[in-house]
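Take a look at these structures.
In the two complexes below, chain A is the common chain; its partner is chain B in one and chain C in the other.
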Partner chain A sequence: MSILSKLFKKKNKSKQNDNYRQQQDPDAPKNLPILRDYHENISRLKEELGNSTDVAFREFNLKQYKGVAVYIDGLANSNMISDFFMDALLKNQEELQSDSFQNLVDKVTSLGNLRIINNWGQVYESLLSGNTLFFVEGHTKAINVETKGWDKRAISEPTTQLSIRGPKDSFIESIRTNTALIRRRIKSPNLWLETMKIGTVTQTDVAIMYVKGIVNDKVVTEVKERLNQINIDSVLESGYIEQLIEDQTWTSFPTIFHTERPDVVSSQLLEGRVAIFVDGTPFVITAPAVFIQFFQAPDDYYSRFDISTGIRLLRILSFFIALIAPALYISITTFHQEMVPTTMAIAIAAQRENVPFPAFVEALIMEVTFEILREAGLRLPRAVGQAVSIVGALVIGQAAVQAGFVSPVMVIVVSITAIANFSTPSFAMAISARLLRFIIMALATFLGFYGIMLGVMFMTIHLCSLRSFGIPYMSPIAPFNINQQQDVLIRFPIWAFKNRPPLISKGNIKRTGKGQKPGPPSQSDRKQDSDQGDQS
Partner chain B sequence: MKMFLALFLLLFSILPVLSGCWNQKELTDLAFVMALGVDKGKNHRFDVAFQIVNPGNVSAGQGQGGGGLPIAVYKSSGDTLTEAARNAALKVSRRLYYAHCNLLVIGEKLAKEGILDIFDALERDPGFRTTTEIVIARDSTAEELVTTLTILDKLPVSKVTKELQTSEDMLGETLKVNIDDFITSLVSKGKQPLITGYSVIGDKKIADNSQNLQITTTKAFLSANGIGLFRKGKLIGWINGYKARGAVWVLNKVSGTDVNIDWNGKKNAINVTPLRSRTKVSAKIKNGKPMINVVIKEESIISEINTNADISNPNEIAKIEKKVGKVIKSQVIEVIKEAQNKKCDIFGFGEKVHLANPKLWKRIQNNWDEQFSETKVFVTVKPYQRRSGVRRNPFWNELKQ
Partner chain C sequence: MEKAKIKSTQLFVLIVLFEMGSALVVGIGTDAKQDAWITVLLGLAGGICLFLIYAKLFLYYPDVPLTSYIQKITGKFIGRILGFLYVIYFMYLSARVLRDFGELLTTTIYSSTPLLIINALMVLTIVYAVYKGFEVIARVGELYFALVYCIALLGFMLIMFSGLVHMENLRPILENGWMPILKITLGQTLNFPFGEMNVFTMLLPYLNEPKKVKRVCIGGMILSGLNITIATVINIASLGVPLFERSPFPLLSTVSKISLANFIERLDVFFMLYLMVGGFFKITLFFYAAVIGTSDLFGLKDYKKICFPMGLIILFASLSIASNYAEHIKEGIIIVPIFLHWPFQIIVPVGLLIIAFFRNRKKQLIN
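Up next is the complex of A and B:
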């Protein structure tokens, strides 16, 4: 593994060098001034943007002010721009008397978010994020008006993380909408938001959100530091950021959580985690993440505790089924025939009688076939999706058994594995079980149950060695803390959630007030009630 | 150093691949031995019959199953059990696999000559389970027993093992004895082993033929038949019927059986079925001689009354209880006398003496068989009538009026 990592390191270095060269472009228009003649500004823009046809120039002439409004068609809201001109022309003709730039700024513009730009470097930044720039003849400044307004998808139901009970909204591709979805849920001045741009070419908006006073400040600093260290040309999805700031690359387990549900992000923020929003993706990542978090579905908190506890235990069980079911089959049929009841051993033997392959090959064929089916089902256009399921169910399931290539038991094992795998709420965690399954299958082939034990042991050791932003990945199971078990294997009733996870939110950990346990009113209360009833 | 470590890990991880799958055995390469029949050999010491399951014919799988016979029997011989097992490789295409062997059948001839020579092999083999049950092929050879086909249960083995269980639960005339039990009582000086006998009843010639499966009343079938008494690993005799039941009473293994008593001068008019029972055996030393106390506490329900009886009257119930106690006591005493005649302490009275007075036991243990035959045994039965089924007084009462 270290050999591999060495190779990768070398590659990374050369990539970094490339980036560095791009940045050192001598033509970079960093600190050039804005020109006095607006025509020259136009020609310069046209030249530097390569005459791109979606750049709109609208010249205006309002009394003594001549100039041009520049915006990118499709990014800027054209209604807002025409509003500006209507305003200026109709309402404020009289007020445009004095010749100062500030006068224009103050009087004319009825538009909201407004900023003065002094140098050329900021021109592209604002123009390309959808703002409109006003260059005025005779001034070396430009007015930058926030006119962002591009088409975006409506807020819809989550597609990857469904729940029976709970809010039905999900994040969309617009970062502003996403942050607003959280603001709507947490109406606290302590909900802080910081924004930065990452990606030397894409200049993607990345926002860090946390609840000041609950979050561990060290984690915030660490997150910012790691984000600042990112030097990459593009960030197209939060997965880029996740992979660039995670603690450990050499693991199949996710050490950063991602979700498309605002309610999940809100609850994570309130536990003291940091959320990172990336523009252009509905997936928000949160850190630090712990192992058990990937088995906590939003429904767990919305339904009653006994039910959620049962279902959570079921999920954890099914994670293990997804991990070791085929390996168990292999070891039982090749090593430990004595471990199953006699009739079952005979039944399996009868089915395997005509199967031409050893158990491992049989299991591998079926598992790989299923993985192919699943991947194909994911990528295929929706219209042909049904064809895949028919092929999968009939050809692979039934025909393979009838042809005698695989035993029916194997089909059962593959099915239970697949279904168990789907019951993990987090796709990132489910997929790691999917991958590790093959390793454990191989171990089972060579060493039987002993191999499975070895595999699971190594997996556990590895899990315990992981950290996510300084938090042990397996906490609060390892290191074990009796006071933090409210939300691990057993989901305690909400009134028993006395504290936030203290490892994550250092300091301010109090969550629930005293006496939150519901119950019938006490005797004295009841007496008072009846007294009042008599009086009235 | 890092490079070395990486290389080491890489090589280490290849290791299992190179070792060639130690101990790996595919299901399809195994012959599941379901029962082992051991007989006195003609040329060698042992003739061994391996009853091997034919999986495809047992489990009703996808169409192809069900046609042929569920078992195949291979025979082999050798001077030791292992030799015989290895010789079997000449005839069987697959590896013999003993982990699912549920039954060990010993031929009566061999049992009479002594069976000590076969147990170490079974105990030592890591694949063979010492929970395997043992039966003696009574009046037949072990081979005849393991080749017999059975209806209802496709596997003859499960017929025998299930039957041992149910008849112990329902009737109490057989005993489930596995290799562990046998060896434990074999080495104990204060207890002699017992093994249930099994016989092929009917036409032995067609017992192993599929014709035997085509008739509702099979012409040849397996049936439990008495309990064999052993001394020093040799079969010395059989106890049957009520005597066997008495032995099971003393051994505290009765969970269900039935007792007939006479009533109103009618023979076997009332039948009661014990639900649960508990037998306590204790030893006392008097005048340097051991005395055994057997106390049987038994709880039963009335299952049949074929005469008029007023069981709403507690006094009548007490009378029934008394009679039931008498019957059980007579059965128990009968078998104890028989065992004392044969000088064979099958009940483990010696062990009780050992517990009661270890010093005395040290003196008499080598002579226990003699001593046992003269030891006084007191039997007390404490019956209790729990219920009378879903009816109180029988219709006979009204009939007589």
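Up next is the complex of A and C:
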């Protein structure tokens, strides 16, 4: 009996929860009408918003009209309301002759973007996005005036993706500012924007942006479909969206690109990708993404091609260093001593003589210590940050060696690994190498080079099997396409970027016109010039 | 059959990796002494002739693998038995290459690691690749093709600069006349590696342009044949005939002789890197053919379910097909060519082609 009643109670409880959810559900009161008596509207609002103190009611009493303006303090721009709304209303008092609602709509404000609202469901939608609502006695309609204006951060320099040359602005937390940053760069009517709300509770604005005619329409529909399928209570960052729409969860590699730089997003849009903006975060995600994209830094395109090519190759090399350097150290000291020149082998052996641990443990201690320092460095309050870096430098460097915990070579290896890891432009890719490094280290411990090769091979197979919105992740390297190599390992000169990547973009494929290769003026022109020069 | 399509360049790359896979490692035609490279070239010529048979069969039935059209040609009953034998043949070969591979690692570097561990990890990687599908294998092939070629070029230059190559080691050419060379060609190099192209009878239906099949495959065979010839010539020239004959892995011996400026030496590891890539593709393709053949014969909808069990079979077969390396090699030289390669690579396909020719002519006459 008691068990039964317990069960019953539990059931009841869950039912209550459901009810609660339903009340929270913004769809529920959609069909209710707006009441004729504005006092009743006020009391209903107060009740349903739980008397929240940030809801401001400003009653007014003009000739024919009595009513109330409602807005949420902090979301709506109160200067705007007093300047354009209340003032305009008071000034235009005399002109408010006729009794019609339309007349009031015409005269109520000098602000644009007016909308008439007919039912209660829309009330919350507009109120909570910062608009001001205008209930009038005797009418079952409300006037909705766009008065959004909350405090936002100024556009500042990017903090995570730095570059030597290139624009210094970065996205902020406001979706409208972010989309405007792109509009300012691509002044084309073909730059299309679609918005939707995701998150049953948070009702977050999410926008899809693409260049019509360049983008592959299939990808756009696929992105929209995946976004529409999302059913989650909250979207607090674009990472939520990224994890909900990516092709494969069981991978450490990012299959969707994210950035806080408007110039990067613009270039991606022009290659035919789709950008997804999420309100409340400065990180914009773009899809589809390919592997090599995570090694392309914005400076690559702003500096000359030979320099960029060299630097890009360096980055790819450092990705591999970050991945296998500790594993190489382990396997050389454990299995393949004959690989290094004799004097060096002796030097390493002599250093390791006092170290009590096998190479793997030694490497693991140092790597884990470093990862902890790095993570702690991220979270630390700025004031104590310096202290930790000093302590870290001591722990990871001199002291560990002097205490005989690790050999000096190991310190070098760890430092190289760490620095190499930072040279990957994309944090998402770098962190993947950080994780895989430990697996490869373990393999190297048991099987030396064979283990490293096995790990790398496993990784390659995995990479080749990934897809991002239908595009093979390793393209255009595997499957190899000779016509798409302008921007892979070698960055071709800008004039050689004849076409957009055909796997990603469809339709308008041409990028540069004919004869873009720069050079000195042709022979005949030069002759004329020099003739003139002689004459003068 | 899996729904997959590969480009002709991908097929080309797979063929080159497959052919060079273990042929470079174990060294072929060593019995012909300084004329080993001639047997390789003759084997290549013979292999191309054999491949024309496979290509003709493929063009008769461009949509299905060998195990399916063998049933159409010889009838359900005999066809199924023959198809099953082919599956076992492919499984045996993949186990064999796996053994070669594991033996090399245990004899050279990992002398105290059990063969089981080395083979098991390799099989795990291969099963993963096969599980991911043929398109993925082809893509991995493209990636590693570039890697292998870079290493090969580097190795070639290092051998040249080290001054190891003594061309006089190749003389006298044709010391004992043509007869021994022909004998070795028919007994060894024709079947291994060039006759092993018959594994592609299972894989050709994946090609997206069936018309290009001859050009692509023969091109791949010629490129790999020439590479093997060059490697053999270099091996003989730098090792000398006696050492070349005795060495179980001639290329490894050559590579370990590289010494430049007293700093670049002991490059065995790079050889191992190549060995892993080549071995991986050879075993993977044999294994994939076996898996696809099984699912085709038994009408399985999803081949992925049998990847792992068949991987286990290959793993244990690789350990049990021979009790030691000498036995393994002896089997490979004496038994396998006569009892396995000749029937499966030459006799059965020729028979199939003859029957298919008459069947299709009859059809054409009726039409």
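Going forward, the second predicted complex is superposed on the first by the 490 of 536 C-alpha atoms of A that agree within 3 Å, B and C clash if a C-alpha of one lies under 4 Å from a C-alpha of the other, contacts with A are read in each partner's own complex, and residues count from 1 in each chain.
Rule of thumb we're sticking to: contacts are C-beta pairs under 8 Å (C-beta built on N, C-alpha and C of every residue); 3 or more make two chains touch, one makes a residue touch a chain.
Worth saying up front: this structure is predicted, and the values here are computed from it rather than measured.
S.K.: Could you look at A:401 and tell me whether it touches chain B, chain C, both or neither (first, second, both, neither)?
M.R.: The answer is first: A:401 touches chain B but not chain C.
S.K.: Mind working out whether A:447 is in touch with chain B, chain C, both or neither, as first, second, both or neither?
M.R.: both
S.K.: Once chain A of both complexes is superposed, is A:479 in touch with chain B (first), chain C (second), both, or neither?
M.R.: second
S.K.: In the overlaid three-chain picture, which partner chain does A:349 touch, first (chain B) or second (chain C), both, or neither?
M.R.: A:349: touches chain B, not chain C.
S.K.: Now for A:202: first (chain B), second (chain C), both, or neither, which partner does it touch?
M.R.: In the superposition, A:202 touches no partner, neither chain B nor chain C.
S.K.: According to the contact criterion defined above, which of chain B and chain C contacts more residues of chain A?
M.R.: Of chain B and chain C, B contacts more residues of chain A.
S.K.: Which of the two partners, first being chain B and second being chain C, lies in contact with A:335: first, second, both, or neither?
M.R.: both
S.K.: Taking the superposition on A as described, I'd like to know which of chain B and chain C A:251 touches: first, second, both or neither.
M.R.: In the superposition, A:251 touches no partner, neither chain B nor chain C.
S.K.: Quick one: is A:359 in contact with chain B, with chain C, with both, or with neither? Answer first, second, both or neither.
M.R.: first
S.K.: Which chain A residues contact chain B in one complex and chain C in the other?
M.R.: Shared contact residues on chain A: 335, 338, 447-448, 451.
S.K.: Spell out the part of chain C that touches chain A in their complex, as residue ranges.
M.R.: Answer in residue numbers: 7, 9-10, 105, 109-110, 113, 117-118, 121-122, 125, 128-129, 132-133, 136, 138-144, 262-263, 266, 268-269, 272-273, 276, 280.
S.K.: In their shared complex, at which residues does chain A touch chain B?
M.R.: On the chain A side, the touching residues are 1-3, 333-335, 337-338, 342-343, 345-355, 358-359, 401-402, 408, 443, 445-448, 451.
S.K.: Across the complex, what residues on chain A touch chain C?
M.R.: Within the complex, chain A contacts chain C at residues 335-336, 338-339, 341, 447-451, 453-454, 457-458, 460-462, 464-465, 472, 474, 477-480.
S.K.: Using the touch rule from the top, collect the residues of chain B that touch chain A in their complex.
M.R.: 2-3, 5-6, 9, 16-17, 19, 21, 23-28, 30, 32, 34, 53, 55-56, 58-59, 61-62, 64-65, 97, 99-100, 102, 127, 129, 155, 158
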